[in-house]
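One structure is given below, represented as structure tokens, and several questions about it will come after.
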């Protein structure tokens, strides 16, 4: 059984484990004030090309979303998210548990546009409703699509005109930035969004998301929020060491590129077999629509999510590749798929 | 510079890192449903001697406290803590941020008694006040003291008589259970408290606390709370692998015993030097009271917390030992201390 | 200018003011423990025909919704509401501010059905999502429709089968129960829903909603929640005196019947003029669809809400009648409408 | 049985009820946008002597405290209160339920000083603790004492130097300002505190507190918070009409002066009888210390709170006077007290 279920099925890239082993007996300060974390943050700032951002290392996506969003908003302010947004339906109400409503926008491709945001603002004119304040976007999105630079520029301008905070969930930012269709640099992000994070967990780390706060007004006292939400690890070095390794010699981008390359292999071959896709997704998640019988057949040797029923006989499945996906397993999957199609 | 600042200055015990390396490429389910976590939980239940408890693995102490306490309480119910309790003054209002007041009891030795609890209940007779509901205790406490079995039995009985939940913060449970003065077995805990946790972070793991829920009424839907608070790691295997290693061949207890032995060395020698202590602490934290000049002298070679000023010329310092504390460093510290005392 | 804008434009029914004046100098206990409140609760229980319910008097709808729902739910549990539900879009995120997500169901007529609820349950299978737990319905709904008994019986059965709490917002319960199309008695409600409230504010009181908790499991410690949410008035007598008057001699039902009769007059005449309605609403709110020019014309003498644009030239307006609506004003409105139509 | 139990035992001053009756059938906008509320706010601003403050009318003290404090603070920020503070022990954790810790200061006279505040700041140096941000004071305090102008000036200066918000609970502000020992004018308050409220409920209104927000940074979007916490009454006129009456012709101050005069009568006579007091309280609450037998004797004809046990044979009782307290009842009480003392 080989799994295309997600991008967190294996442990960490071996270089990361090595780095943990090598540094193991050095005594360090706790709570993210160790030398590794400080160096990692310096290296990240250098990579991003900005020294005036604040960077904090957290453990996972839900934790980062809830800590950042609750820190950024006042009690009556709400987040806006695409209906596919992770915070909306896959985090057990974590944002609401901190007191904030999330306003949902139906978005077929998982992405938000200024026109959609304007409609939400129009529908929330006064104090009987929450005040929409933070725009939550994911890049890549939960259904594999990515934002192009001009789309982000438009969102940025809209947010500026309407005093909105633009926040990017980057749990899969590596895959987005390394997509063949991407035209955004990591160094573009600080002027495009107010805060974003660089996902480590889904790109080769054991745990770890690097939150980058770009807008000055959002920076104050952020470590208090980390501590309050249980996000400040006693051994913060665990996060620092991993990000230090991920951003030394481009490992982070190499891993994402590998994941994308494996997805591209799957996409091309499946496409060649005349199989349609649920969404256009130029990143490490693809959603082919297969006959149910074929899905059952494939499940004997591969594990993956059945994403949604498309019609009585067909369903979309989700195939996720990662830094650890093996090319021979991809080849085997395609072979098995083609064999099954012929039957 | 050698640090006696805390028990999380180094990484993890090498066996734990080895276990991570060895298991690294096995594909596993996410979110704590991997085989390692399931085995670790089985092993923990076996060690505890109870199969009817629920066990969840979380990352750190604050996260465990806030997730458990907010899951256990209704909105109007409050926790009770000793004034030294970690949740009261060292977690940035994490419990209050989930909506619950903490009622403080002055407790010189860091421990609570039924008489003190009764006074709190008496002072909260009606709906104009919060309803005291959960008794938070730490073992070992934040100032190194430990609970004896008869003390826990008394608390247990009091809680039963008053419909209170008894919750034990076990961030340093290893050190408590391996203390020379301890008379409690890990397997005693399920009938003494309603929930407790076994701290890994401060006893050889990178991160990790094993929450044991003993009372049936507190078990329902707990995984929802984990997810909502950002405590459900995508790579839950990271926690499972560590606890599996910690509880194979008694490693957990060996590490705690080493920490205690190092503390005992310090305690004996310091005591022999006629130096008084702030608290009686038979675990891995000790609080000698030293002349300020001597403290300054020691700080040239050792780092530790200056805990509190005792009088104009003296302060208590906190020395913490751990699984990683080196015996020769302890010996050197004592030598340096004695030298300085002679001067 | 005469207002059909809402049912809270005037003060209170004169009998209520009289009752306040007459009782004014009697010294009473505070916080709802006065004799008037106790008598009012007794009278309400008698009217409902059940002595085993718990009744609490609160000030307004939003306060009642947020106090009850936050008391009834655990942190990971969510409410379900029709998309028109007051808690969803007109209470500034009051429910979310207590930590709970509201799941929205598109419902053209403002009412929920078991099939819709089942779909929500299906979409929330595990701990990565909130757990749907409380079904919020309004009667009459925000768009004037009312529940028939068989609809409530079906919801009741569905909730029982799925361990859901059924909660009825009765801010306009009077109008619903006095509707010509209604087949539910106040005394039916305790076995149909788990909790509901009887709205006073929109039916002749200055302020006041009587929350009736029918299910035993929801009753415990409710006064703590009242106090915590700022809902326990020092002079609770203000609420008690009003409900005592409202339920003496059927005043409550007489007032609601008057409001409905005035709406019926409007509905019949407008309907006779071949004007369509946005929704079928047999209660005190009606939503005729008028040419925009006509609306502008009417706004010179009457105030009302323009509810929503229907097409380029037409909009639905909302006309609300109340206990205080004057029949001659209704007649004048109809005359003005008919005159304008002829033009 | 005559009650000195509190200052909310009766209804409202007859002029207020008259005003309600007279205005009853005027149609008005809802949610505090009626003409009465607008006029009342104008009148209040005039009385305070400042047009640049924001004023909102709420129902009660707990509601005002929780709405204001949760609006003013970010999630990691805490309030500071005297140990006698109403928010600390008599509001069922209402502040904590909005996510904020309250730090307690032991204060014998119910008042806070800069030195005490400095000690709290010193004890909260970093992100492992909440950040003290709002200083909550009551005037008059819960034990009847009042702030002198120089004390407030000192607090004001301290708060300015330390970026703290100074918030005054004025549930009994009338009695404080009309105390013989008071040297503060209502018009002094906007430059002494950042926000305060003028209590109506305990000074002749049915319900009603007028919150005055003086600092610009705290004003933004406040109506959203009112709505979210259930504090925006549909018939906001109920509050407007009352405050309009209270501040027309000085009624508010006349009522408070009457209450104080009645307390002064009690204080003088009791003092003349050589009975000691628990606190010095120059407002409408006094706390004589009486033999327990005498208390029992008095309870046959009068109701009041037994405040606290002083020694085995004596307890302090609380006598509260109000706008409605009758002078002949005060005389009777004193006579009964003196008779009992002779026995």
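Per-chain residue numbering starts at 1, and chain names A, B, C and D are given in the order in which the chains are listed.
We adopt the following convention: contacts are C-beta pairs under 8 Å (C-beta built on N, C-alpha and C of every residue); 3 or more make two chains touch, one makes a residue touch a chain.
Quick caveat: nothing in here was measured; it's all calculated off a predicted structure.
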**OP:** Indicate the lowest number of steps between chain A and chain C, counting one step per move to a touching chain.
**Re:** 1
Original post:
Which chain lies the greatest distance away from chain C when centres are computed from Cα atoms alone?
Top reply: B
Original post:
At what distance in angstrom does the C-alpha mean of chain D lie from that of chain A?
Top reply: 51
Subject >> Whole-Å separation of chain centres (CA-atom averages), chain C against chain D >> reply: 34
**OP:** Report, in whole Å, the distance between the mean C-alpha point of chain B and the mean C-alpha point of chain D.
**Re:** 43
Original post:
Residues of chain B that touch two or more other chains: which are they?
Top reply: 75-76, 91-93, 97-99, 127-128, 130, 224, 227-228, 232
**OP:** Quick one: which bits of chain A touch chain C in the complex? Just the residue numbers, please.
**Re:** 75-76, 78, 89-93, 96-102, 104, 127-130
Original post:
Can you list the chain C residues touching chain B in their complex?
Top reply: 31, 70-71, 74-76, 98-99, 127-128, 130-131, 221, 223-228, 232
Subject >> Touching residues (chain side chain A, partner chain B) in the complex >> reply: 2-3, 5-6, 8-12, 14, 17, 20-21, 23-30, 59-67, 91-94, 97-98, 201-202, 206-207, 224, 227-235, 237-238, 324
